[in-house]
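Below is one structure; the comments refer to it alone.
So that you can tell them apart, the chains are marked A, B and C in the order they are listed, and the count of residues begins at 1 in each.
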Amino acid sequence: MKTVIQTYNERPKHTVRNIFISVFLLFLIIWSSPVLSLPDAFSAGMAIAKNIAKAFFNPQWDNIFTTSVDGVPFLMFETIGIAVLGTLLGALLAIPFAFLTARTIVGKFNVIGNTIITTIRSFPFFLTALMFIRVSGPGPMTGVLTIGVLSIGMISKLYIEIIEDIDPGILQSLDALGATRYQKIRYGILPQLFANIISVVIYRFEINVKNATILGIVAAGGIGFTLNVAMNAGRWRDAAAALWGIIFVVVLIDYFSTKIRKKLING
Amino acid sequence: MIEFKNVGKTYPNGVVALKNVSLKIEPGEFVAIIGLSGAGKSTLIRLVNKMTDVTEGSIVVEKLNIPSLKGKALRHYRRKVGMVFQSFNLINRTSVINNVLAARVPDMNPISSVFGFFSKKDKLIALEALHKVGILEKAYIRADQLSGGQQQRVALARTLAQNPSIILADEPVASLDPITANQIMSDFERINKNENITILVNMHHVDLALKYAQRVIGINEGEIVYDGSTSDITENLLKTIYGRELTDEDIMFKDK
Amino acid sequence: MKTLCSKISNYIKTLIKRNQIHRTAILKDGTSITRPFSYSLISMIITLSIFMFFWNLIVSAFFKRFGVGTFFSNFSNFFTIIKRMVLEVNWSYFNNVLGPMADTIRIAVIGTIVGSLIAIPFSILASQNIMGKSKVPTIIKFFLSIIRTFPILVYALILSYIFGYGPFVGVLATIIFTFGIITKMMYEIIETTDMGAFIAIEATGATKLQAFSAAVVPQIMGRFYSIVLYNFEINLRASAILGFVNAGGIGRIMNDQMALQRYGDVALMVLALLFVVIIVQNISQYLRKRLS
């Protein structure tokens, strides 16, 4: 029998580890602290903050209740459109990446595909947008292309998971009843994956709507352009109208997206 | 008629699964194949619809030389040979009726098959098949929400919907409880009698085989050691088939 | 008016009835079975019309204005940029990258740490199972969902007009953004932890806070660290673009060099970023695996 004291003394101790972690964190924080220095031009800030806050609760109503092409409703439609088309484009572009990266298909060569996917994911998407502006100029088309490329990583990851665990039994049973290769994919694989794919694509769409709201900052279409210009000009009430547009759309899409995804998964 | 002539099967890894197997099965027979695990039961059954290729001998079904079938001809032949698996192999996340309708897909025209538009006739065939196995009321429920026995019935209905003249079943009741297993076996029995479909079923459990089949083929290490009527089976014959005394595991109802 | 209404409702009723007859199948032995109403066709039509609507709004409109041909021939510009990025990597630009890259990491570090510290009390206050019947969780959850509607860049944009340009704005934006996500993730975890121990300790006369730290904290600590690490990864990627609205970090010079078409410089920055992201990602994944 061990005595109480012995047991107490033999308790698991992480002293060394904890000290190491604390020192490391402390070092990180000290090293990072320069970013906490307040910028010089702060004096006017408080007044601006007050104006912005005031404008937020009294936005430019004329911009909200209008159908003109520079009004908030139209621009929000454009933003959603960028997200919708961009997500679909991403879902298409992801297919070849997935097949080139699925372990069950390319074996160890999936390193190559993985590297490409990581590169695309870490590539700042404003850069992608600036590159596509040379293709389709300023405007929502550039936004669609950017969002499409931006979505490749997440969606191809989903496809890879799916490819890697397809149930071979179902393929066998379709084989046994005389189905062709195409029919096996159409009726054996797709119905099983459909709910999964749709649910991830919708989730990605939700993320993409948020991304699409800021693409306008680099002139790639959507509400962001108006927001940026209005803020630049100090037209806080116009900016506030755009912000309310974003809140309205994102909350609405969040709500429906969650609902649909729940339904898809639970059947 | 199914005819095996001196059939042998050696897998690429050198395992000899079947040796010199010859047999004839007449249309409308209900045959159970019994034997120990690894005896070659699955191999034998999978040779019939060419899920596995022979390495020696010949297999003739309804005047067709099975080993030479390829591509379209093979698919066409497989339409007439239904297969039921131990693991049901249903398409999850899809309704029961869509699972059964999958059996109609190879006969559909290409355009409807792309969009999944099934004709009224196909839908009725599928519903009739579900009715025959007694789960019509589950038609519009998702397949993965059914019990194991119900799922095996869906698989059986899927096979019926292809209107086969032969049904192959590889241990169809091995993952079911005794009562459900008996129900499924009597489904097979009824289908065999009413539709006059030849049934070839692999079994692990001797008692079920003896209860439902008319004829038993016993296999031991790839060779047929018994082939005859169910009623002629004796304790001694079972010992040759199994190469040992029967244990509780070989029998589904222990009190028997 | 009334007759019109009843006419319409009658019409709808007959439609439903007809549809029901259409959905009913009668088998050979007379048994009938009715297929439940399926929304799949309706949702297919809705999806397709949404797609067509946006296609017309954006893609068709674009092609009408600029032509399909120019679009595809312009793609050579895109590939030229990629080609130049790959071939002209400017290693001598490294010294110019070091400072902004360090700022990017610093913004992510401080933003993540402060944001997650603030998230702790709020995630407790937002957990209905800890707060009992109080209304506080509902209110906090409402504000959280508003906070989470804006991407980090919108915060950076707004804050840059208040605090001026520089990394401080980036830190603030990251803090708000991190706070929004982590609080949500944490209250979801807290609300699904086993409450048995909490109730037992509360019954001994401990306060809610004491019971929480004794019974709930040990259960969720690992998950918390893992969420913080995961958010650090996100924040690192996000803070790389903060500079596009002058909120500090590498994005600012990225934007500048891109405008000057110095693709070799941009390529080096992308490589530096990739290097840091991959290292952080691997460390974080390793730690998260150990935590779970």
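Things worth noting here:
Keep this in mind: a residue touches a chain if its C-beta (ideal position, glycine included) is under 8 Å from a C-beta of that chain, and two chains touch if they have at least 3 such contacts.
Remember, it's a predicted structure, so these values are computed and weren't measured experimentally.
Comparing chain pairs B-C and A-C, the larger number of C-beta contacts belongs to A-C. Farthest chain from chain A, judged by C-alpha centroids: B. Inter-chain spacing, taken between the CA centroids of chain A and chain B, is 49 Å. Centre-to-centre separation of chain B and chain C, using mean CA positions: 50 Å.
Chain A and chain C, compared by their mean Cα positions, are separated by 5 Å.
Across the interface of their complex, chain C is touched by residues 120, 123-124, 127-128, 131, 136-137, 139-140 of chain B.
Against chain A, the residues of chain B that register as touching in their complex are 49, 51, 74-79, 81-83, 85, 87-94, 98, 102-103, 105-106, 113-114, 116, 142, 145, 155, 158-159, 162, 168.
By the touch criterion stated above, chain C contacts chain B in their complex at residues 25, 27-29, 31, 33, 35-36.
Contact residues on chain C toward chain A in their complex (touch as defined above): 50-51, 53-55, 57-59, 62, 66, 71, 74-75, 77-78, 81-82, 103, 105-107, 109-110, 113, 145-146, 149-151, 153-154, 157-158, 161-171, 237, 240-241, 244-245, 248, 251, 254-255, 258, 266, 270, 273-274, 277-278, 281. Residues 25, 28-29, 31-42, 45-46, 48-49, 52, 77-78, 80-82, 84-85, 88, 118-119, 121-127, 130-132, 134-137, 139-141, 144, 210-211, 213-214, 217-218, 221, 227-228, 231, 234, 239, 243, 246-247, 250-251, 254 of chain A are the ones that touch chain C when the two sit in their complex.
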